[in-house]
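The data blocks that follow each hold one structure.
The same chain A turns up in both complexes below, where it pairs with chain B and then with chain C.
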Partner chain A sequence: MPILECNNLTKTYAGVTALDHIDLAIDPGRIVGLLGPNGSGKTTLIKLAAGLLQPTQGQILIDGKKPSPETNAVLSYLPERIALSQWMKVTQVLDFFCDFYKDFDRAAAEAMLAQLQIAPNQVLKQMSKGTKEKVQLILAMSRKAKLYLLDEPIGGVDPATRDYILHTILSNYNPEAAVIISTHLIGDVEQILDEVVFLSRGQIALHDSCEAIREQQGKSVDQLFREVFKCWEN
Partner chain B sequence: MLGKLMKYELRATGRMMLPLFLLTLLLGVFTRMSTAVVQHTHTNITESLNMLLIFAFVLALVGTAVFSVVLMVVRFRNNLMTDEGYLMFTLPVSVHQLLWAKLLVSMLWFVAVFCVDALAILLAIYEDGMLAGLPEFIRSAFENMDRYYAVNGLLYMLEFLGVLLVSMVTACLLFYAPISIGNSFATHKTLLSVVFYFVIQTVLQIVTVFGFAFSARTVNDVIMPSLASSPTRAAHLLFLSVLGYSLIIGTILYVLTWFMLRKRLNLQ
Partner chain C sequence: MSWEFQDHLPIYAQLMDTLKRRIVTGRYLPGEKLPSVRELAAEAGINPNTVQRAFSELERDGLIYTQRATGKYVTENEADIKSAREALARTQVADFLRAMQSLGFSVGDVIVLLQSFKESEEEIKHADSGM
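Let's turn to the complex of A and B:
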């Protein structure tokens, strides 16, 4: 059974169609790149899966169920914004995650925080935006979830941290879990992706494995993306 | 999960409310001390200081109450309608639990403000032996109510408490509902929240006026006659009417808020 399934999924905002009759199935054990230019519907799709938006038409299923508190328990969501309370210390945020998520591995989170030299008693408000993003990613990846939704996880961090994040995603790989990564930085994530979904104006322009793209088209995902979403003719 | 949500809600709000409570109580003690000093030494400095302290104390009493209301509104908006909402609405908890955690903790602070302000006033005006007669006064008050008015004093207290609790929940929802509606729009979220606050207030006033007009006959036929023959029955009816009214308004606002957060959530 797919861990994420979209059937005829449509979302409109005040008459503007963000997602247009999407059919998609993601199986467990896959790392999927959700790729597309700005406004293509990537964040909308992720928000629908996280239950932050309601579909206008069609349905989205997580592990066979509509988004609900029950699906939130098996879904680890990393928003593109800093969603943590700024007044909290890192340890308090860890307590918070321990309290609400049964699958949260505190020891793993503490080990990753130590690797990135983030002090546990530091208040979030005192951190740089990049450090907050790292904390948020560590929290999301320290859960033993069935589905990880990572919205722009490497957008605001330096290239060295980018490598660390990709390593973290790979090292937390679980054959029963799927990871969906939404990003513009295709060249950086391509190495860890199993398959890609190209979104264009709310529709799926391509859904294929990275291997097939490389073998059949003789191009990297990054090259293909640049061709598909070319902004001007030379 | 409701308990855990309330724990974090208390932690987030307590870090602001508790220092205010401490300040209010300290000002109560200082006011009492300065009044004692003024009673013994009449100098311009001590009197001016005393006046200043009394002013600061009254400001703290009112400020604590006002702040608890402001905090109730701001906390709802910031924790659920801004970036923090991305975490709160993806927790494995229902929207009902999110709402009740906010409502119950806000009620708790309202009650705490009443208790702390009462205690602070008591500290500020304390005289030796002032409280000696208090237990006797409460006992005789209940006894007299039972004897002279043939009513159960405890029942009155329970009805009053019911009205108080339901009114507090409804008061919170009077802010929660417009904020949740205003934030369902793509832009001008704060402005629209204010607009919907006034829209809801206006609708409520119109409904209340019509409600009074329609119930005038009931008041004339049932409450007024019983007011003359049995004031206690009239008082019970009044309490229950207010309770019923608050309950209906509160339920409508709760369902509206829940619907907007569950079905029309639109975080930026």
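Let's turn to the complex of A and C:
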């Protein structure tokens, strides 16, 4: 059974269509790139899956169920912006996650934080943006979820941080869980992906395996993206 | 050594090629345990299912084998390793000949060229050894 399923999923904001009759199924064990230019509907899709938005039409199912506290318990969502309280110390954030999520592995999070030499008594407000992003990713990946939704995890971080984030996603890989990564930095992530979904103006322009794209078209996913989303004609 | 992959070619095939090279050159010894799928994926920065696919194909070729519950190992069959090494060499030669043909050289021309190459190398060697 797919871990994420969209049937005829549509979302409009005051008459503006953000997602337009989407059909999509993502299986466990897959790392999926949700790719598209700005405003193509990536974040809307993720927020619908996380239960933060309601579909206008159609449905979205997590592990066969409509988004609810029950599905949120198996879903780890990394928002695009830093969503942690800035006054908190690292230990307090860890306490908070332990309270909220039964599947949070505190020891795993502490080990990853120690690896980065982030002190437990450090306050979030005092951290650089990149460090905060790393902390937030560690928290998201330290849950034993069935579905990870990572909204732009590598946007606006330096290349070393980006490598660390990709490494963390890979070293936490679980064949029972799916990871969905939204980004427009395709070249940076394509090697870790199984498959890609190209969103264009709220519709799925393409959904294929990365290796199939390379094998059948002799192109990188990045190249294909540039062709599909070419902004002008010569 | 860092892992480098070209994004416009299937990554599993590139990974297979690298692993094969490591096996035929003895960097991975016969009977040696290979890294796990997750370890290798994290180290090489590539998708775990891609690593799994490369392992499966190498297993089908007989270069590695799975021992239940403990992991994957390089074959102990030296004849298989030797023939994989020869197959890699043949691929290199074929690639080289194709490149030469695109420059207008026939296989015969290439052999003549290689012969003169060999002779000049031998001359240099002789000169170096003080003759």
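In the analysis below, the second predicted complex is superposed on the first by the 234 of 234 C-alpha atoms of A that agree within 3 Å, B and C clash if a C-alpha of one lies under 4 Å from a C-alpha of the other, contacts with A are read in each partner's own complex, and residues count from 1 in each chain.
Here is the rule we use: a residue touches a chain if its C-beta (ideal position, glycine included) is under 8 Å from a C-beta of that chain, and two chains touch if they have at least 3 such contacts.
Remember, it's a predicted structure, so these values are computed and weren't measured experimentally.
S.K.: Tell me the contact category for A:82 with respect to chain B and chain C: first, second, both or neither.
M.R.: After superposition on chain A, A:82 lies in contact with chain B alone.
S.K.: Please report the chain A residues shared by its interface with chain B and its interface with chain C.
M.R.: Residues common to the chain A contacts of chain C and of chain B do not exist here, since the sets are disjoint.
S.K.: Please give the residue numbers of chain C that touch chain A in the complex, ascending.
M.R.: 5-12, 38, 41-42, 45-50, 53
S.K.: For the complex, give me every residue of chain A touching chain B.
M.R.: 13-14, 47, 50-54, 69-70, 72-73, 75, 77, 79, 81-85, 87, 92, 96, 99-101
S.K.: Quick one: in the complex, what on chain A touches chain C?
M.R.: These residues of chain A touch chain C: 29-31, 163, 166-167, 170-171, 173, 175, 187, 190-194, 210-211, 214-215, 218-223.
S.K.: Given the complex with chain A, which residues does chain B contribute to the contact?
M.R.: These residues of chain B touch chain A: 1, 4, 7-8, 11-12, 15, 79, 83-94, 186, 263-267.
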